[in-house]
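Both of the next two complexes hold chain A, though its partner changes from chain B to chain C.
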Partner chain A sequence: MKCDIAVVGSGLAALVATRTLQQAGRNAVLIWPGLSSLYFTYATVDVLGYSDLTTTQPVEQPEAGVAKLIADHPNHPYALAGLDALRSGTTLLIEWLRAAGFTWQGSLARNLLLPTAIGTPKPSCLYPESMAAGDLQRDEPIVFCGFVGYEDFVPELAASNLSRSWGRGDQSVRAIRVSLPGFDTSRLFTSIDLARSFEDKAFRREVASRIRREIAIDSVRVGVPAVLGLTHDTDVYSSFAAEVGHPVFEIPTLPPSVLGLRLFDRLRKHIQESGVEMIWAAPAHEAEVSDGQCRRIYLKSAGREHPIDARAYVLALEDMVDGALRAGVHTVVDPFFHQSLAHHAVPTERTDESLFRPQPFASIGYAVTDRLQPSAGDGHPLARNVFLAGGAIAGYDPVGTKSRGGLAIATGYRAAKEAMAA
Partner chain B sequence: MITDEVGTFSDTVEEAAPVEACTKCTACNTVCPVARSTEIFRGPKFLGPESERYRSQPEAAVTAGLDLCSGCKLCEVTCPSQVSIQEYIRRAQNKGAAEKGRTLRDWVLGHTRLLSRFGSMTAPLANLGNRNPLVRWAMERVLGIHHKRPLPRYQWLTFERWFTRRPHNKTARRTVAYFYGCWVNYNERRLGEQVVAILERNGIEVIVPKQQCCGIPAVVNANMDLARKYGGENVRRLSGLPADVDIIASSTSCGLMLKHDYAHLLDIPGAEQVGARVYDICEYLWMLHEAGELNLDFQPVSTRLLYHAPCHLKSHGIGYPAMRLLRLIPGVQLEEVDEGCCGISGTFGVKVEKYDLSMKIGSRLFAAVKAAGTDAVLADCETCRMQVEHGAGAHSAHPIDILARAYGHG
Partner chain C sequence: MPDTTTGVVVIGGGSTGAGVLRDLSMRGIEAVLVEKGDLASGTTGRSHGLLHSGGRYCVNDLAAAIECVEEGRILRRIARTTIEDTGGYFVSVSEEDLAWEPRFVEGCAKAGITCERISVEEARRREPALSQHVRTVFWIPEDGHLDPFYLVMGNVESARRRGAQARTYTEVTGFIRDGNQLTGVLTRDTMTGEETSIGCKAVINATGAWAGFVARLLDVEVKVVPVKGVMVVLSHRVAHATINRCHKPGDGDIIVPALSVAILGTTAVKVPHPEVLPIEWDEVRHMIEEGSLMADGVSTARAMRAYAGVRPLYDLGAEAEGREMSRNFAVIDHEQRDGIAGFTSIVGGKVTTYRLMAERVTDLVARRLGVTTPCTTAEVPLNDRDDELDQLRHRPAQLGVPKPHGGERPLQPLVCECELVRPQDVTPWFEDAAVRTLEDIRRRTRTGMGPCQAAICSYRLAGRLVTDRHQDGPTATRAMAELLETRWRGVRHVFWGSQLRQAQVTTGLHLELFNLDRQLMLQAEPAAAPEAVGARQ
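== the complex of A and B ==
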């Protein structure tokens, strides 16, 4: 199949790149390897939470933080993509979210500190309206509300962790649990089942009244696991919050992330119905390069390899899961150009035993040129018309610095611009 | 000693992901149209890879509810680790049926070709019967086929006979073999005629090798041996075609069986080689277009259309060639409706205990179709078309129908 520009991936970087191409009137095809990384990640947009992997002091102003990071580290992917790409890409994303019916808030100017499911603060600057009331820079006491039988959110754990770190006094954090109509503990259920049930008005109203009965005091805010609707979330959130009678905020839970699912599903539908073709179920690999240009990549389609001949390619893949990298016991290779991206004589060098320390595997990826083309690390592109975006770019840990979203936006936008010019 | 196994390890993960490749991410459950519509279905993750881990044990895991999997394969389409979720479910269901026996209804629905042959031979009578409330009441009681489900009309003249009787066009630069499938043969001969006319209009000779049911009705009705028998016959005959003859299918699911399931689900020898030569009709015509060989002499077709992509088309991994093709025709206004599975899934929505569920799954699509109010809804899959007509009261057609009109073969 021939096309103008092929975007490979289904995470935020791929979506931003595709939208950038669409807005510029270019004919983009979006090729999926499988479900989006947005299903597994937190689904706020984190631009820069921590300036490096060792500090515990969160960044207050993400845009200024990125500017400083670029000045200090001229080879960081943010520096390669450029601050302008972050700004323009963010504007594009915010406008797109609005067009697709989302009510998101925030800007590059300021990070909120939003509580996680284990009660730790997480810096994020773009977030759904339904999370905003959780900001830990505000002072109102918090009640974490769990649901009986739903084990992916333990309100007591969140409350006990937060009360130790937050410092707003003994009475500032509490935990409650309410039972849910129709969900008894003998039933196995997930956040997805709950989110579907919350779309039902009567269910929602009953849960809200049970929460109201549990909370006898005024001036608190209520944190619930992010299950307030799967597709009709805006209405679900506002009506539920009104019925609870206190400010309500959602807290992301273990994968699959309902917040990520909402985001991906609606953006995908929006871009697809506005004319961008998607090729589902087709992992991409094998770049055919001649004279410094990529002529073709292949998709693993049913029955045979399906060739894609594009003028330019945006490879917006993330990691091992979506096929950006292939990891053997010692070596990590890239499936497009067959470079060795990392080699570990002892396989355990790739990981740190503590889950909460920086993981060496997180920064494995493709070396890129200053135009985000893949390179052998010598500054020369392996193919002039291929551009990388997102987590597969080497040399940074998007999880550790809480910068995954911002980097996806900046590199997705920049890669799309470069692909148009190629 | 651990040795470097980059090549073999990564290829194992991608080509035929073992059950261990499942990371339990639950992505499949979020997209499963059945899990979305009924809480009694425990979802593809549990019934597929999770239960699979125990099925090879001496005390094999007994998993109830396997028959609620409709076989749409959206779980496999969305699995980031390319696990063959639905194939595990099908194999387990087949094993259960082989041990416990299957119902008369499932036996009959698995033998769709026999049923259709009978329907076609007795066409006027069969069609009358299928619309008679008393007959339908009896069918529901005896066979478990829901009385509200419209059954397809049979035609007396089959595509096969029509094709052998017609004058053969041999002045062509290329030859393709047409796998028409039971639907075109017994129910919608006109679609087959259009496929032939369009290919010949583009200078391609069409041959029709002798063929058997693709086997998908047998697969989804827990009769894998029958499917393997049908598939084996097809592979044998199609393997005998000259090497430069491509194989074209106009039914999405037949095409997917030939391309993929014969080799991967049914392990039919020689199926890989055949599958690599199979093309969906729109995929093939688009390839012609890209090679500059498609006749673009279209008459304008002034119409507003909605396109529904069948779930199994997504499994082909070829995008939506029908949309690309139809956008070449002047006058065609085409939009995509993206509301997921229509709910019928072949014989699934025909069954008395699944009819309501199938209509519930399709309800989002029906609402979108009604709201759009276009002249027709296009879908490459015949049972999607049946379901949209039934659920949304809309006219429905194969994309080829519009292309045929543009060529003056409407």
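== the complex of A and C ==
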């Protein structure tokens, strides 16, 4: 198969890169290695939640925060991608979300603090409208509403934690539960089952009336697990909120996170519908390089390898999750150029003793040139027409600073721009 | 006056202590068990789970082998639901192994172990996992898997139904004496620091590798040699039956299919203290390499975690070291040996022979107390009442997992998808005062033992701490984090392949989606912190 530019990846970096190419009128093919597990733990687009790993003070203005981070850390992936790539990529994503029928809010100018399922305030940059009423800079008391028999969102836990860390006093946060019609607690059900049911008008209305009955006072807002519709979420949310009669906000749950599914599924469908060819569930590997140019890569599929010949390639892979890197017992190798990216005499060296501190393995990745081309670490590209985005770049660890979304946007946008210029 | 009184205080909540507690209660002797951690949190819960046919000991340690034969048969009667009758293979892969075979066959005959030589072709037909290196095979039908957690819980629950008590996180700090007679123990709660005293007529020291520390409180010596063993857990069973190397017992020569996983064992390294159990990379690597010699799929299976346990080998004064030392046990009558009336230690031994050890020490103590009721633990099953513990083996059917021949039920809710744990499996334990941490729930229900290593269920369990135990959010969140950290300590040692993907999902969920790292930091900050976050700027 021949194409202009091939984008490989299943996460936000791949989607932003593909959209960037499409908007520029280029013929891009999106090669989707398979359903990424990150789907199931995704909700908002976080650009920069904390300026470093030791602070609990959130970044108020993500764009200014990233600018400072770039100034302080010239080798950080944000610095490699550049602040302009973050700005332009975010504008592109916001417009795309609108075009795809989402009603998302937020901007690079300000982080919102939204409560998580354990009741912790979390700085978020872009977020669905259905989460916005959770804004912890607003004063109204919060009622966390869970569902009987559904333990993937525990309102009592969220309420107890938030009442201690949110300075509005103990009376301002409480937890209730309502039962759901048709959901017998002796049966297994997941967030996806609930999200489907919420698309039904009668179900929604009944749940709303049960919630209304539990809440006696005015001027509260109601936090519910993020299961308000699987595909028609905008209609589901607004009609449900109207029937509850209080501001309602969604809180992402244990996986599968319906918010992540909604985001990725719709963006992927939208880009397909707007004419981008997509190759499904095909992991890619093996870059064939001659004269400093990648001539083709290969797709693994049933029975045989399919070559993809493109003029340029964007490898927008999210670390281990979609097979960007292969971790043997001692050596982590890259599947395209067969470089040894890291060697560890003992596998424990890849980890920190605590799960809650930065993990060395998360930063393993390709060294890149100042144009995001993979390099052997000497500043020279391994192939002039290959560009990296996402978690496979060395030093890319969004976990502690809460910057997964922004890093994906900035690197995805920049890599696409470079691929067009190649 | 002591805070409470009882007949006998049993120190140690492993299989031996639990067995003693049950034996005492069945002879009508009032008893309290005290354990400084959780039940089955020491040697027992860190064993490899091999129900010994005796084959591993029949050449070097005939007495221990004979005990295994007898006790294995008794356990199949009284503890059916803790045992999986897998049978086992003893395989030879080298010249040295072949030279060992005649001694093995002779040892089996002497110990009364059923042992059948089968052709490699027949063995491979039954067990396709056997590797190409395998040259000869013996079938030992009485090897199996013994679930050490269910065994301890089953013994303790059986004793509790007869009026006995078990206090976890209760450490013995001293003894009460009246001249040469022990009249009680002093204890301290290892979590709250609360001190209590229990008056009693006799004390049984069933602390295994820790027996020397307890005895030292009375200025007497019990020489126990702590010998570390490292195990590796694979994410699936690999083989249908246990596989042993047919050679002089050595490192990495056992594979035990245990419920949903397989356990590779083990090493033998003397350690200075039973709680100093470092897991060395060479041990992990060696076990996987040696395991691969016996079974295909060991090196390609996903290794999920590694853990280390400690054998409580009793030093009989011989020159023997580590595996050379007997796995036999001894009852030490401190009244006779040291002039301390009412104090008895039970040392050495192994999980497979826990019941016999309990019987012997209880015989002595009961006689001293003038109780003539005979031991019945070899006859009365553990689950002699309708008991959820009994249901383990039937769990997939209860869950409505589709069966090939009809009878399909809708799936029931699950707390832990990896290990198929239902809400009703965990609920009673939240009402049990002996259960203090989420690790304790794990030991009793297997919640969190599967491939995701508590990534998902830890949140649901934290929720139950708030709803069922009325703990506050920060306490429950800390408990959730501790469960994840404990699991992580084992995961780190086998960190390659898909383990990295799993870790990425776990950190994506807890640190990104939940913001757990900041929650823990906020909780650790002084009380003034609440205003800082989310306050109007």
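The criterion applied here is as follows: the second predicted complex is superposed on the first by the 416 of 422 C-alpha atoms of A that agree within 3 Å, B and C clash if a C-alpha of one lies under 4 Å from a C-alpha of the other, contacts with A are read in each partner's own complex, and residues count from 1 in each chain.
By definition in this document, contacts are C-beta pairs under 8 Å (C-beta built on N, C-alpha and C of every residue); 3 or more make two chains touch, one makes a residue touch a chain.
Predicted model only: the values in this text are computed from it and were never measured.
Trainee: Determine, under the contact definition given at the top, whether A:D152 touches first (chain B), second (chain C), both, or neither.
Mentor: The answer is second: A:D152 touches chain C but not chain B.
Trainee: First (chain B), second (chain C), both or neither: which does A:L355 touch?
Mentor: second
Trainee: May I ask you to decide whether A:D72 touches chain B, chain C, both, or neither, giving the answer as first, second, both or neither?
Mentor: A:D72 contacts neither chain B nor chain C.
Trainee: Which chain makes contact with more of the residues of chain A, chain B or else chain C?
Mentor: Between chain B and chain C, C touches the greater number of residues in chain A.
Trainee: Between chain B (first) and chain C (second), which, if any, makes contact with A:L113: first, second, both or neither?
Mentor: Touch status of A:L113: second partner only.
Trainee: Touch check for A:Y39: first (chain B), second (chain C), both, or neither?
Mentor: first
Trainee: Figure out whether A:E277 sits in contact with chain B (first) or chain C (second), or with both, or with neither.
Mentor: A:E277 sits against chain B, while chain C stays out of touch.
Trainee: Quick one: classify A:V333 as touching chain B (first), chain C (second), both or neither.
Mentor: After superposing on A, A:V333 lies in contact with chain B but is clear of chain C.
Trainee: Please work out whether A:D84 is in contact with chain B alone, chain C alone, both, or neither, and reply first, second, both or neither.
Mentor: So A:D84 meets neither chain B nor chain C here.
Trainee: Which partner chains sit in contact with A:D370 here, chain B, chain C, both or neither? Use first/second/both/neither.
Mentor: After superposing on A, A:D370 lies clear of both chain B and chain C.
Trainee: Let me check the overlay on chain A: which residues of chain A are in contact with chain B and also with chain C?
Mentor: 40, 187-188, 255, 321, 327-330, 347.
Trainee: Which positions of chain A touch chain B when the two form their complex?
Mentor: Touching chain B from chain A are residues 1-2, 29, 33-35, 39-40, 187-188, 190, 192-193, 196, 255-256, 261, 269, 272-273, 277-283, 299-304, 306, 321-323, 326-331, 333, 335, 347.
Trainee: Taking the complex as given, what residues does chain B use to touch chain A?
Mentor: Going through chain B, the ones touching chain A are 2-7, 9-10, 13-14, 23, 25-27, 29-31, 36, 39, 42, 46, 76-82, 256, 258-260, 275-276, 278, 286, 290, 314-320, 323-324, 335-338.
Trainee: Considering only the defined contacts, which chain C positions touch chain A in the complex?
Mentor: That would be residues 281, 285, 410-415, 423, 456, 459-460, 462-464, 466-467, 472-474, 476-477, 480-481, 484-485, 488-489, 491-501, 503-523, 525, 529-537 of chain C.
Trainee: Using the touch definition from the top, list the residues of chain A that touch chain C in their complex.
Mentor: Against chain C, the touching part of chain A is residues 37-38, 40-43, 46, 49-50, 56-58, 60, 113, 116-122, 136-137, 139, 149, 151-152, 154, 156-167, 185-189, 252, 254-255, 257, 319-321, 327-330, 345-348, 350-351, 353-357, 359, 361-362, 398-400, 402, 404.
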